[in-house]
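Across the two complexes that follow, subunit A remains constant while its partner is subunit B and subsequently subunit C.
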Partner chain A sequence: MKKYILLIVIFLSCSVSYGQINLNVDAGVSNTLRYGNGYEYTGRLRSPKEYFENLTDARLNVNGVTFGLRYEVSDPIEYGLNFVGIRKRYIEYEHEIGISARAGDYWEIISRGLSLNVFEDRALGYDTGIDGIRINYEKSFGKKNPMKVKGQIIGGDINYSDYLTPERIEKYKIRVVNGQFSPVKQIVLGLDYVYSIGDLPEESVNTVVHTDLPEANFLLNLPEVQFYAAYSHKSSRVSPNTIYPAPLTGKGDGFYSSLAYSKGKIGVTLDYKNYRYDITLPDNRSNTRPTRMLPYQNPPTAQKEHTSTLITRNPHVVDFNDEVGGQLDIVYAPTDKLTFNLNGSIASRHYQYQDTDTTLLVSYKRVDRSDSYIPSLDDPFSPFWEYYLEGEWYASEKVYAKVAYARQSNTTYNQLNPLSSEKLFTSTIPTEFKYSFTKEYTLTLISEMQWVHNSLRISEDKDFSNQFFSLTLSRSPNLNLTFNSEFTNDDEEPTGKKSWFLGEVSYKLNQSNSILVSYGSERGGLRCANGICRFVKPFQGFRMAVQTQF
Partner chain B sequence: MKYFIRSLIICIAAGYFFSCESNDNPASEKNTPPVNVPANKILVELFTNTSCIPCVEANQYLDAVDELQGVTNNDTNVIIVRYHTTLFAGDPFYLYNTTDNDARMSYYPNSAIVNPFTFLLGIFMGNYSSAAWTNKLNEKLGETRSFGVVLSNSYNGSSRSGSLGIAINQLSGNSISDLVYHAVLVESGIQYNAPNGETHFNNTMRDLITPTAGQPFTVNSGQTSNFNLGYNVASEINQNNAYIVVFIQRVSTREVLGVERVKVN
Partner chain C sequence: MKYRNLYIAVFLFLLPLASFSQTYNDFTLTDLEGNDVTLNDLLKKGPVLVSFWATWCTPCKEEMKKLQPIYEKYKADGFTYLAVNQDNQKSVSKVKSYINASGYSFPVVFDPDKKVFEAYLGVGMPYSLLISPQKKIVAKHLGYVTGDEYKIEEEIKDLLKSGSDENQK
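Right, the complex of A and B next:
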């Protein structure tokens, strides 16, 4: 800590002493305080839950040199391991000739993330940030039709805390070289190469994995058509140890493409994914396998990310190691005030498997198929599909309405007992109405109805329904009063509850300072962002968040 | 001759004297065999649910170990306990003893929300992968536990009650302050048509005979502590398929230091 302060003081002193003539200083601080106190539910078991997290992000720019740090007090933390101290720090420099450098902590995405996409999501307790160095260089040649080149070098360490067992920390030393070349404005060609050495704790043994991960990508950007394609190939070499006694090399690859067309009132996007980073037999699939897709990769999910509370409760969790599929998204806006959205997506595993052993032991054999580049809706492929229709209407300055319908089907295939596979069908109708009484006061009503059929039930009744209602009174520009309620008639709800109620008040002191307080019960469930999912336990109690910026 | 007799008397007297060495945890004594034999038995604790599909593969794998199919280098030395969770409602094995299942779910974080969730000697075993699990089990089977456990059981099938003699010997290492031992009644061969298609349930935890947090005790290296535990077997449990698993655990690190199993009847 003392070292950092001393370093900053020295840098500042240097800047001040040499920059007395043209000293240009800019500083910013943001602070987020989160506190929660109540009970968390594990089934019907209730246990006390408290968290106190305060994140202070400070940034100081002196003549183009930026110093930044995050001081964090997470004691106790909501998810993960407690921490008090300087969690992030960096120095960044940008020169007008096109070179920039950042030393310290940073996040980065290369192209669409097939080979590198590191990010932080506090709500999920997820952070794959790099601590190291990043050097960028950008240069344009010519003036009328400039040719552009961009180069990037990245090197550093990632300490990834497994969210299920936070004390299990995977360590990666990562080296990246990335280049982009744009011969004309409409075309961008990208090449990058990622190399890492991973140190994965497994019981009392650490497994060392050397990974090579080259990627090539292409972007065509015409006025009405955009086409993007990326391919990456992963080769993971596992050094022998007691858990993996023989040398093991896991090879896999991933392909993603997106074709978008927009003209006038219509926009169409077609996404395709074919992720095969670690296709393996059903009895060897594991999120802790050293040859799996690595945590610093995070390709596009190629499926719609919903905002509806009830639709997001049953998300399809993308298996980047073995999934093929895509989505079609159409947006049609006949007028400025009316918009329609149609989305359909489909995904499945690549292959089905057969158990060839007749004893209690299991020995799987893959059933090959030549068309594994397209998804299958047969149960052994654990298929997922959904379609979504939405209409949005700004009826007047005072009235806004949105109505949608979503139908989803998700099958989890039971390899050993196929008749007991889980088939989950949901139909959801989310609606939103907003009415502004005056310029100051607005009332927002969100109502969602969901019908669920789950084949895997103990009772004969496989159907149940959920309802969600939210009423918000807003006084522009600073006050929101919200009341949320949720109901179910699910007799197999793990907590045994049938209803949840939550009150929330948010108040903006000004544009950059706000406070949010809530009290009540939250149903919990699976929460996903960018294909990363975690199970959030039901919570009952008090939450507070204070955000300030300077 | 006199010299020989005198020497013999001295030896016998010395034997008696040293055998009276103090024991920090005196308990009602039973005739237990010596426990200073290195033990390499291992404990696998699996959290599962009857509606959990990914659990089927893991359970099948452990069934093969339990039925000595030759999955590991020494299936006999793999002792399994399966706890049933609240991940999906209505699991009859969870509902049979909610208090004790809740206690183990609370002790191992996230075990109720991610199934299967498995611990080998108290340490997270990684998500199910048959090849990796076999190697992990073999690795631990090749090591020696620092605690030896010897059990002597006396059971009356008519009254469905028994008495378990437990001798725990610390074979190596420093003194540990937060030791507990657990005695767990498990049942195998239970028939039930579960929603996930499983029909045969083995090593199912039925009762924590010791307190839910375990029975605290102390022992020093080279020393043996003896305990005696009375227990009853509920009428719903098939006493002929029931076992008692005793294991020693560090409360703070969850590390399991020794384990043994005995058949009830």
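Right, the complex of A and C next:
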């Protein structure tokens, strides 16, 4: 890394050594302090939980050269391993001719992320950031309807770990070449090639994986119609070791497409996904398989991202290695006060499998089908479907109301014993009502009702319901007082609890500083972002977050 | 971390003293039709409210609903409301149809690698910065609470008024 920084410093020194230097400096610092103290639940087992995290992000720009760093004190950290020191640092130079270079830490997405999408999500303890160098070049030719070209070279290292097993670190050396060409503003063509060498620890042996990942993408952007398509092909070669004594190769691919149409007061978007990065037999599936989709890839999930507390509690976990499906999203706004949203999505695995062994042993065989490019609703395909209807009404300057209905079905097929497959059906009605007493004071009431059917439970526990209520009094522009409550009659709730209560206060001290304090109990559960899902344990206690910008 | 409590106490004590001194950064981003939009060019006409938003952010959508009439009211005076989209790869395909169906007339641009958001030290959404034609950030709003639009409108009016006063001088 040091050599990259040295190269950039030399390059910059050369570029400013001639002529008079006129310093143009700007700087910014933001700070996030998070503290929590209470108890965390693993089933009914309660254990003390305390965390303290302080992240300071600083940015200094001098004549087009930007220096940035993050100083982190996470001791104890909420998720992952404790850390005190400089977590991120970078230096970046931008020249007006269209070239820019960055050395250090950065995140990057190429097109829609089929071949490269590295990002950080602190709430999930997820970070696939690259430590290396990135050189971009962008140039437009012509003025009225310019032709544009964009080129990018990336090289660096990624250290990836899951917060549930933070000590297991997968290391990747990655090289990327990316090019985009736009002959007219309505058309963008993209080509990129990713090559990586992965070092994956497994049972005290490290497995080395070489991966080639080319991608092509296309965008057509007309006034009423927008069409996008991307295809990437992954080819992995695993070097022989004691776990994989014979050379192992894995080939897979992914296709994503979207078609959006809007005219007048209606907008329609259709997404299609066909991810086959590592289709394998049921007993071979694993989150650590060396030929699986790599952590630096993250294609679109093609399903609705909900904001309702109860709907988000039962997310569909996308399997990027083996999933086909899509979603249809319609927005209709008959007036400027009324908006309707209809969303439907469906997904499944590509194939079903049969046990061909007649003894007690298991030997699976794939049952091929010619229409594997469309999802199936048959149970052996582990199907997921949902539909969502929402109406939103700004009745007046003082009154706002929203009502929605969501129906979801998620099947997790058990290949060994199909009768033990889990089928989860949920129906949820989220509502929101807002009344503004004055220009400053507003009362918001959120009510969510959910009915759940879980086929795997014993008969009397199969059906249960959840309720969530939230009442917020806000005073613009600086105060929010919130009281949340949640109830369930689920007798198999892991913590054994039936109710949760949480009080929260957020206050903006001024334009640059805000503080959020909460006390009470949180139900926890599965939390997803960008198709990455983590189980968050239930928590009871005190939390505080202070946000500052200097 | 034996000094943790001291750390928190000192930090909280210093909070209100933190002054607001963020600086302006120019940028060029692509709008819904593929055209380049440059902040500097918009500032030549008058003040600009740069607002970061995403389709999955409920308060962002409420803020947009409330700011659309404000934009219509003051755009003839040179004011621009520039919505900078932060949707990621999974929802970016819905942006254009959402904006068109909602009937919004303000310019919307894409910031796909969040470079502009990072340059303005964004940490959450909605996040708005009101920038004067003199390239000074005169107001910042992190988050949205119903009623914030009245304060934002006052800030825009003040900025337009100070601009016209300067022109008269």
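Throughout what follows, the second predicted complex is superposed on the first by the 526 of 550 C-alpha atoms of A that agree within 3 Å, B and C clash if a C-alpha of one lies under 4 Å from a C-alpha of the other, contacts with A are read in each partner's own complex, and residues count from 1 in each chain.
By our rule, a residue touches a chain if its C-beta (ideal position, glycine included) is under 8 Å from a C-beta of that chain, and two chains touch if they have at least 3 such contacts.
Given the structure is predicted, the values throughout are model-derived calculations rather than measurements.
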Combined model on subunit A: subunit C and subunit B, fit or clash: fit
First, second, both or neither for A:T412, with subunit B first and subunit C second: first
Should A:R289 be classified as contacting the first partner (subunit B), the second (subunit C), both, or neither? first
Please determine whether it is subunit B or subunit C that touches the greater number of subunit A residues. C
With the C-alpha centre of subunit A at the apex, what angle separates the C-alpha centres of subunit B and subunit C, reported to the nearest 10°? 150
Should A:R44 be classified as contacting the first partner (subunit B), the second (subunit C), both, or neither? first
First (subunit B), second (subunit C), both or neither: which does A:L361 touch? first
Applying the touch criterion given at the start, work out whether A:S235 contacts subunit B, subunit C, both or neither, answering first, second, both or neither. neither
Scan A:P245 for contacts with subunit B and subunit C and give back first, second, both or neither. first
Touching A:E492 in the superposition: subunit B (first), subunit C (second), both, neither? first
Just checking: does A:E202 make contact with subunit B only, subunit C only, both, or neither of them? Give me first, second, both or neither. first
Minimum C-alpha separation between subunit B and subunit C after superposing on chain A, in Å: 22
Doubly contacted residues of subunit A, that is, touched by subunit B and again by subunit C: none
Taking the complex as given, what residues does subunit A use to touch subunit C? 26-33, 35, 52, 54, 57, 59, 61, 73, 75-76, 107-109, 111-113, 117, 119, 140, 146, 182, 185-186, 188, 221, 223, 226, 228, 258, 260-269, 271, 298-302, 305, 307, 329, 331-333, 336, 339, 394, 400, 434, 436, 438-442, 444, 474-480, 506, 508-515, 530-531, 546-550
Residues of subunit C touching subunit A in the complex: 1, 4, 7-8, 11-12, 15-16, 18-25, 32-36, 56, 58, 62, 65, 68, 88-94, 96-103, 112-114, 119-121, 123-124, 139-143, 145-148, 150-151
Can you list the residues on subunit B that touch subunit A in the complex? 50-51, 53-54, 56-57, 60-61, 63-64, 67, 69, 71, 85-90, 94, 98, 102, 105-106, 109-110, 112-114, 117, 120, 123-132, 135-136, 138-140, 194-198
Under the definition above, what is the set of subunit A residues touching subunit B in their complex? 42-45, 47, 164-165, 168, 202-205, 242-245, 282-289, 359-362, 412-417, 419-422, 456-459, 491-494, 496, 535, 537
